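Per-chain residue numbering starts at 1, and chain names A, B, C, D, E and F are given in the order in which the chains are listed.
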Amino acid sequence: MRIDKRKNDQLRKITIHTHFLKNAHGSCLIEMGDTKVVCSASVEAKVPPFCKLEEKGWVTAEYGMLPASCSERIAREASKGKLSGRTQEIQRLIGRSLRSIVDLKKLKDRTIWLDADVIQGDGGTRTASITGCYIALEQAVQKLLIEGIITENPILDSVAAVSVGVVGGMPVLDLCYAEDSKAEVDMNVVMTGSGKLVEVQGTAEGKPFTELTLQKMLQLAKQGIRKLTAIQKKYVQS
Amino acid sequence: MRIDKRKNDQLRKITIHTHFLKNAHGSCLIEMGDTKVVCSASVEAKVPPFCKLEEKGWVTAEYGMLPASCSERIAREASKGKLSGRTQEIQRLIGRSLRSIVDLKKLKDRTIWLDADVIQGDGGTRTASITGCYIALEQAVQKLLIEGIITENPILDSVAAVSVGVVGGMPVLDLCYAEDSKAEVDMNVVMTGSGKLVEVQGTAEGKPFTELTLQKMLQLAKQGIRKLTAIQKKYVQS
Amino acid sequence: MRIDKRKNDQLRKITIHTHFLKNAHGSCLIEMGDTKVVCSASVEAKVPPFCKLEEKGWVTAEYGMLPASCSERIAREASKGKLSGRTQEIQRLIGRSLRSIVDLKKLKDRTIWLDADVIQGDGGTRTASITGCYIALEQAVQKLLIEGIITENPILDSVAAVSVGVVGGMPVLDLCYAEDSKAEVDMNVVMTGSGKLVEVQGTAEGKPFTELTLQKMLQLAKQGIRKLTAIQKKYVQS
Amino acid sequence: MRIDKRKNDQLRKITIHTHFLKNAHGSCLIEMGDTKVVCSASVEAKVPPFCKLEEKGWVTAEYGMLPASCSERIAREASKGKLSGRTQEIQRLIGRSLRSIVDLKKLKDRTIWLDADVIQGDGGTRTASITGCYIALEQAVQKLLIEGIITENPILDSVAAVSVGVVGGMPVLDLCYAEDSKAEVDMNVVMTGSGKLVEVQGTAEGKPFTELTLQKMLQLAKQGIRKLTAIQKKYVQS
Amino acid sequence: MRIDKRKNDQLRKITIHTHFLKNAHGSCLIEMGDTKVVCSASVEAKVPPFCKLEEKGWVTAEYGMLPASCSERIAREASKGKLSGRTQEIQRLIGRSLRSIVDLKKLKDRTIWLDADVIQGDGGTRTASITGCYIALEQAVQKLLIEGIITENPILDSVAAVSVGVVGGMPVLDLCYAEDSKAEVDMNVVMTGSGKLVEVQGTAEGKPFTELTLQKMLQLAKQGIRKLTAIQKKYVQS
Amino acid sequence: MRIDKRKNDQLRKITIHTHFLKNAHGSCLIEMGDTKVVCSASVEAKVPPFCKLEEKGWVTAEYGMLPASCSERIAREASKGKLSGRTQEIQRLIGRSLRSIVDLKKLKDRTIWLDADVIQGDGGTRTASITGCYIALEQAVQKLLIEGIITENPILDSVAAVSVGVVGGMPVLDLCYAEDSKAEVDMNVVMTGSGKLVEVQGTAEGKPFTELTLQKMLQLAKQGIRKLTAIQKKYVQS
């Protein structure tokens, strides 16, 4: 039995508030259980130098946590004057994941900044960020199409992510923090709406795991992402 | 006539959601018009060295803005690796303002961190932060009293803040961003519930102003803060 | 009775050595009692990007303290690798104050850097910096006019500043460090030669203060600045 | 046919020079084709605070590249003043991988620093670092045992790593840089000598990949690591 | 003929104002021609960790330049957030030079911070700093002796420094900036009052120089330092 | 008798492996006894702004040490986020030394980056870096000539460096770390193949030294560099 009574293959309750911010080109507040992340997409009318050469646009991501989002207050990275390794790893992951479903050529000379800011954290913040940023990205792209800044939709597929892991010897889906902190294996899977893999990152926390465990976690993740994809569809006009 | 049809001495609509965060010792989401700030109070069981010597507690504040909170995306200070002068000025102001109503001796060996994070900004973020942080502080102190960590209430008074300014030659209360960006004079006033001044910061944006203008702005601020104090009372158990 | 026998409305002895530095476009050493600040104005033949767009010049300020200027050696900010919040607040204040009396359009494509470096500090370093930088600025502008780089004098008024405060329950003018360190209220006032306000920054150090106290401090400040303005005139050719 | 004529499941030539450095507790130079990494293990007689509480030792890793190790000179991170996100990701991966085979309790109050410095890079530097650091770690642990500083061997298993990927539609083992730069999928696998998984990190570079591709890459990686494990054994006395 | 009409072996005019700062334990303003440096010595009642182990005191130096000290305004290192290589080289040189004449054991558990701040620079600022810091150091040590904090004088000798160089093919003493900027060879010599060498740093600016040139410069430096030593004596009570 | 049985005027065993790196334009591994430094020269097709104005090329150097190169692991400067004063001093010295033998005009619009990375340190790393970087520089220049990027050889002379010092009262050549750490005087001499001086940096470590000692050290250095020059010739095609 899981700590919050869920079945092993059950996601937490998901709530999505779209158009959460007045100013961003796209935004939502995504809640997966007690994890709450503000996701936004902001369009900038320039691209990094290497994109200029290749005549393409860019999609990049940044990630942050409010100091009081976790059970212990976490020091502000702005005050410490540098990003932790964890933050950098996460924002690189979000950026790569979202770029995997975008045809950057069609974005022309625009950069889309995806920001994921954790208001409250209870495990799975990076996967919720990816799932939410996709919705913000869709809104921003719709706006660019409507404004005529781009003429073809550069989004090729949807993308969502979920965590899986092994807790107390059992593979489980969508770990909350209490599970995550005692998991033996921790894995994040990013997948497209059409069922292709974008990222698979499995890590032995305590001790190494077998290939069979890997396979079981993969199956759980696939099921979870299929449900997330269905939910995303409701909030995005195609 | 003001841009949003308010009278010169009229505050924007205020909404306060208390206990906004699950983990912080105290928290609220304060909205003044389109300005939305998450305020939280986190208790830490240690104090800075100079407080140890004087056997007192400490109250300090930090302030941040989400990148997509404003009309143009603002770069993350964590990514730039340093706090802007503006941010430091604001967090020093919030900290000083809240300390002015706390008897630090009674806080014993605890530090209370106040965090103000702007989710959406439309002018007056620093004053909304002060008004909201007071509520978060009250909650945190109640918790410390209930847990028996402190035995006497260290809070001596309430505190709230508001901006006033001169726009188009007219003194007005509680400027929104559209007003703020073209104001000739900009002033922030911090006052206690008992009507004492904590901070008065008036700045000529365009050109110097007369003493008469200063006096008019002060009166507007006093009225505004009286209303804010009444609202704060509803959310704080005395 | 004040610690240095002055009357409540009495300034400390002021000494100004103009043209203190060989290389700067303008400079002076200003002494207010034991507070000694080297003020200089350096002209640079370029402006920040936002000034280029608006076709105007720029005036900006930086502030520093020699490590041995105070009773305890203070660590160099250059060695610590960052400016303290206090330093940034002060240099923003000096910059704003001096810009308030300059028609930037007439400065054309020049930036004037004002540097205030405290050789010895005994309270009121930021206000002495403003009073002294005005003199350095005047010299630099005269030089630009003589050299024909600008054709119209961009300086609209003079500007000076003074501190006031409440010490032992009494409002007093121009606090020395011994007074400043035990003041209940601390206020800096920046005013033009024509008697207009540029900045009013009043802070409750210990406990909040009444509006009546604010008014008394304002009157003291006005008298003090009137005297400073008269002294400045002697050192500036109009 | 691969660019360097290897078969799809063929590793590059591996050369290991053990005891490469005079001063480190353990060290080797590992070469996989043209990729050359100096790996070392240095013992420090203290542990981070959180280890003190749990009465255990620590293993951590740092990674760097010589400026001239790659085809284009890369700027020194020491000169830029900060570690790139890539470097931090890699050193976190190396540290986690090596900790997965160590019983930290038996390391007592010692920290082992693993340093991987790329002298020449031609793809697969992070996996070569893990494979080489294991050898350096073994040497350092042997030394600690001989010196009697620890009494039980804390190493539970061996560990090695390899990259796999999809190039031109074909899953291949141990990519050189020329392959890596045009790979459609890139995956790093870390495995113990007993065949358990420690890390699986697969990333779609160009476009998302199928689960079948993931399975094929996993099989290639398993075969490759089995060979690496056999080679490591020769250099480590059991 | 030299640019300022001096003979090749002639020092610039030297002026020393001792006890220049009210708060420092020792201080002077040293002027060598137009080069003006504020030198101070501040005593701190603690030592770095490695001195604690060896039960000795410490002498260290820091160096800075006011932004307007040179013909072009130089950016503040505090604003840039780091010390230039030049600054670090100079402060290491000043520190080493002064330590060479101090018996650190007799300084007990005190650190003496020497600060050299260039108010105006016209060549030879590092050598003037050494010559002036010796005077500040002497004052600070006298104070420590008088206060009974140390019981034996730790100063073993005096120390002074001068620059020499080759300008227009001629070896010259004590270069001003105009000479320095076109010198073919630049050398700084630090010597004790008893005629021993502390530092010799000769650098070919344009092209390499002969050993004979080195010898001639050494002789010039020796003569110059002998004069500086005589001047220092007047300001220091032995 | 010296610690490693060498005569006072005897160099340590020198080994040079040229073309040590596949990618750099020039490179070697230089070993002087147990000191091992990878030296490389990388050509970049741009120059710093001040060189553009003067229509010349540039030669600059950077220096680093592997963490495990010394008897105690040294923390990575990249992790600490800044270069130590020692590192900056050394890289400035290497850069100046190599520039002294290059006609920058003939380098046209190219920058040559010299990197010296200490794999193992046993004293004299900065002098070995200079001696080795000369060889790397020669290779890079040959390549530029062959490729027709420059048409005239900009190298005017060879350059080499050696340390001398006083150990146990005796002047000795080429100190190893055990000697260096107890030397009374430490001196680095940089000289051209034609016997001209480029840099002379002598420092009293413990106590000041006589001019006679300086002369003896200079003679030792001259002999040592003559031998190094002969060795360099073997590895460089003229």
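Heads up, the rule we're going with is that a contact is a pair of C-beta atoms (placed from the backbone, for glycine too) under 8 Å apart; a residue touches a chain by one contact, two chains touch by 3 or more.
Everything numeric here is computed off the predicted structure, so don't read it as measured data.
Each step here moves to a touching chain, and the least such steps from subunit C to subunit D number 3.
Taking each chain's centre as the mean of its C-alpha atoms, the one that lies farthest from the centre of subunit B is F.
The chain with its CA mean position farthest from that of subunit E is A. Note on chain placement: the centre of subunit A and the centre of subunit F lie 50 Å apart, centres being C-alpha means. Per-chain Cα centroids separate subunit E from subunit F by 28 Å. Annotation for subunit A: residues touching 2 or more other chains are 81-83. Read around the ring of contacts, with subunit E first and subunit F next, the chains fall in the order E, F, D, A, B, C. Taken together, the subunit A residues at the contact with subunit D in this complex read 82-83, 85-86, 88-89, 91-92, 96, 100-101, 157, 187, 191-192, 194, 196-204, 207-211, 213-214, 218, 222. On subunit A, the positions that touch subunit B within their shared complex are 21-24, 27, 34, 38, 40, 42, 44, 62, 64, 66-71, 73, 76-79, 81-83, 87, 113, 115, 117, 119-120, 122.
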